[in-house]
């Protein structure tokens, strides 16, 4: 189980023989498939595949060759990773700290196939805790007037650390389209409602007013349209009439931590494909 | 456990001594409280209570006396029922039959504290099955032109059978305000989404398009504003990218049956209070 | 989506090239894979695959050829089915009727890829309901003295109807080893606890005595060791101190229906492989 | 909502007028009930009540008077607490740190009505982290030979800090009967299975071997009989054939954290009554 493996995520127009051509390419090099999952969307006529194998040869060379094969010969969209990859992750926070601690502790415990590179915050509240964790902390205040400048500074930090993923742990600022464009990597956000219900601000207050019997949390990729990006993971918990808004917030914290962490893990394990503003999650 | 009990549902402005005055009234008659639950909404300053007791005297007289006490002396809104009550229920259906069978079978099994009095449908598809169940079936077609007339006929049936509750088991017609007014009894509807997400038509299609990871069902009291009435019960189930719309519909059927049945049971067990378009459910 | 497909369930010792050889066999005949899922157990060194494809040629011939290829050339254990197969199912019941109705209604609704062939019961209580459903009912009383004879009669019924699956919907008798041997088809049972907790009789009473906070249901293949067969599906629901045993039984009925139905559906959709007294469920 | 309240947990033989006598005692002092919940076990003929009220007079005096009233006049078993109480809690850990961090962070966030007083461990692994949290850490090694001595030392620490609750966050040692007797306070343990299934060691390995489809966690009061104490809270999560034992352990960590935290919170909120080796949880 410990041999390094190659993981490929592929998608593109469905065409006959894709499973066969992909698996034969691997077999003919003497490599061994350890897991494979295929899915076709019959309406969109798109084929999706996640395939993982132990390479017979030098892993970097085999991964690069496969990527060329998949994109050039098969005409597929391909992401090719290695099980030993540890992509750098930038964690954005404000003052709320439950997802902050939870995320850092999960990375520390080895639960995540990646490495937390830096903490970026518009407040300094979590600086001391960050230092205890031994992580670099960047305090970049954001105001309406300085937003553009602040985002430029955030991008410098993200890029300096080579982050390949940004995760927003209840970061209470909207990122501009420009930021998302220039970041050059996916951004995962956690929203504290069961989207599309209660998009926007104060979702627990909205939920309390409407009198729903379940509250939820949603992890999604950030896009220009706030709370409208592709949904990665969701969960809910039951509430009752005895629960006031502080109870909803407390119960919600557990949901947010768990849903956010699972979304990050699924991404770092190369299990998520995005198309048509939706996700295919090979879990 | 078998002695008949009185169940009172009370609500009104909070005032000191309510628990004491209610429980002392019962105690001083030599009656015995078997269950009591109180809840106060500190914002709305409203007090809610469900209390159940074994009467010492003649049950009808004690129930009537208590109702007078609660409304006149305490100034509360009071519903006083008896554990042996078996209110008549009218079941509205169209062609979709899963909630229809499920509801009838639950009444037959003794799971519901009520009695199914009649089936009303705008189609005749479920007539034969209804007859096998030994229940009266009323086929009342509804068209735009005849809606007023059809609703008048529906009301005649509901009133003839003395129904104290109408339950809409995927009945695919909107009831008019006039109908709801004249019915003189609550109407419980099952909506096949996790409201307020995906209100309106074709919620499973909406859910599929948005790419949510959970689908839901919501039982609520019908009001003039469609899908906006007080929510009684909700539940969700997990879906994935392999689930096409027919899978969502199949999985949703189980949710709808279960959520609808629990809402009906909670109502017939006198566990639901409504205020501010929300429910307090003493479960 | 409507073209008939071939579904193969394969397992056997892991060996390099299995995915490639299987998918190439299909591709070289001009057929088109619509879904494939592979799993390897790294400890047991066993490979599992469920693969579904639209045949290019005559379906029966292609299915037979593939079976020969998989068993003879690959040395795998293979079950090859067609999406249009509608295996006959025998439903065993006693007096308890919730799984009985639920199962029949699901077959009627088209939710199951199979056909209910007959109802077998050691009591006559459900005879009238069975006749309303238009299904043959066999009343075969069972007593200690007549058990062997009764089982022989049950087998005659099962074989006369060509049943390829027996499902025990709260059938309150233990089937002998001899019966299971001679039945020549899988038997699915529903147990009303979260196995291995509360095996044996009266599991809800056991759960109440122990004071657990969740009750469960387990669908499993019947084997000589009662309640010890391979587990197919399980689910739980929350209970509290206000729930007496009748409440546990009521809540459990919903669990049993749902868990039993999902197990039957998974089996009829050819999604279950059994090895080492465990199941691999491709869902 | 912010006025300090008195919370009483009562139980004892059922007798007429208990609700009335308790609520009248409160009313006649001019105090105001904010929440009350009663439950009677009809088999055991025991009455349980949790009642919370805002005192009209001096809170300590009123709490003491009520306790006397409940025990002497009503003959009930009574625990009387105040909403502002912050009982000291001792946290026992070994090397596994997920429940350790989670518990400390929840206390820090104000989620718990108590105060973490000290960390006791048979290993020094978590000493540095404990110091970052600013909490006292006691490294008390335990071996077979020194067990009695180590427990005596643990008790000195517990008593020095005035702990009224001990919580075992995956503390990998069995506490002796003597320890439990002398501790003089409840001990909450988290077991990593859905008890009574998979009691004892290595429950995730047991679960994997049996092939269950759900894994669980159970928080219970520690008693002389390991894993046999009164169950406070349980939860489960779904697993599948792709999950090897490390996946079960990872998924189980989230269950353990959440179940353990909820049990501690319920206890500190005075919501748990124990009788007949079971719990009544007023949630």
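Residue numbering begins at 1 within each chain, and the chains themselves are lettered A, B, C and D in the order written.
Following the convention adopted for this analysis, a contact is a pair of C-beta atoms (placed from the backbone, for glycine too) under 8 Å apart; a residue touches a chain by one contact, two chains touch by 3 or more.
Worth saying up front: this structure is predicted, and the values here are computed from it rather than measured.
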Remotest chain, subunit B as reference, centres from CA atoms: A
Interface with more contacting C-beta pairs, comparing A-D to C-D: C-D
Centre-to-centre distance between subunit D and subunit C (centres being mean Cα positions), rounded to whole Å: 42
Length of the line joining the C-alpha centres of subunit A and subunit D, rounded to whole Å: 36
Residues of subunit C touching at least two other chains: 1, 35, 39, 42, 242, 244
Complex interface listing, subunit C residues touching subunit B: 1, 35, 97-98, 101, 105, 109, 111, 132, 242, 244, 250, 253-254, 258
Subunit B - residues contacting subunit D, complex: 1, 16-21, 23-24, 26-28, 30, 32-40, 42
Partner subunit D, residues of subunit C touching it in the complex: 39, 41-43, 48, 194-198, 210-214, 216, 230-236, 240-242, 244, 276-281, 283
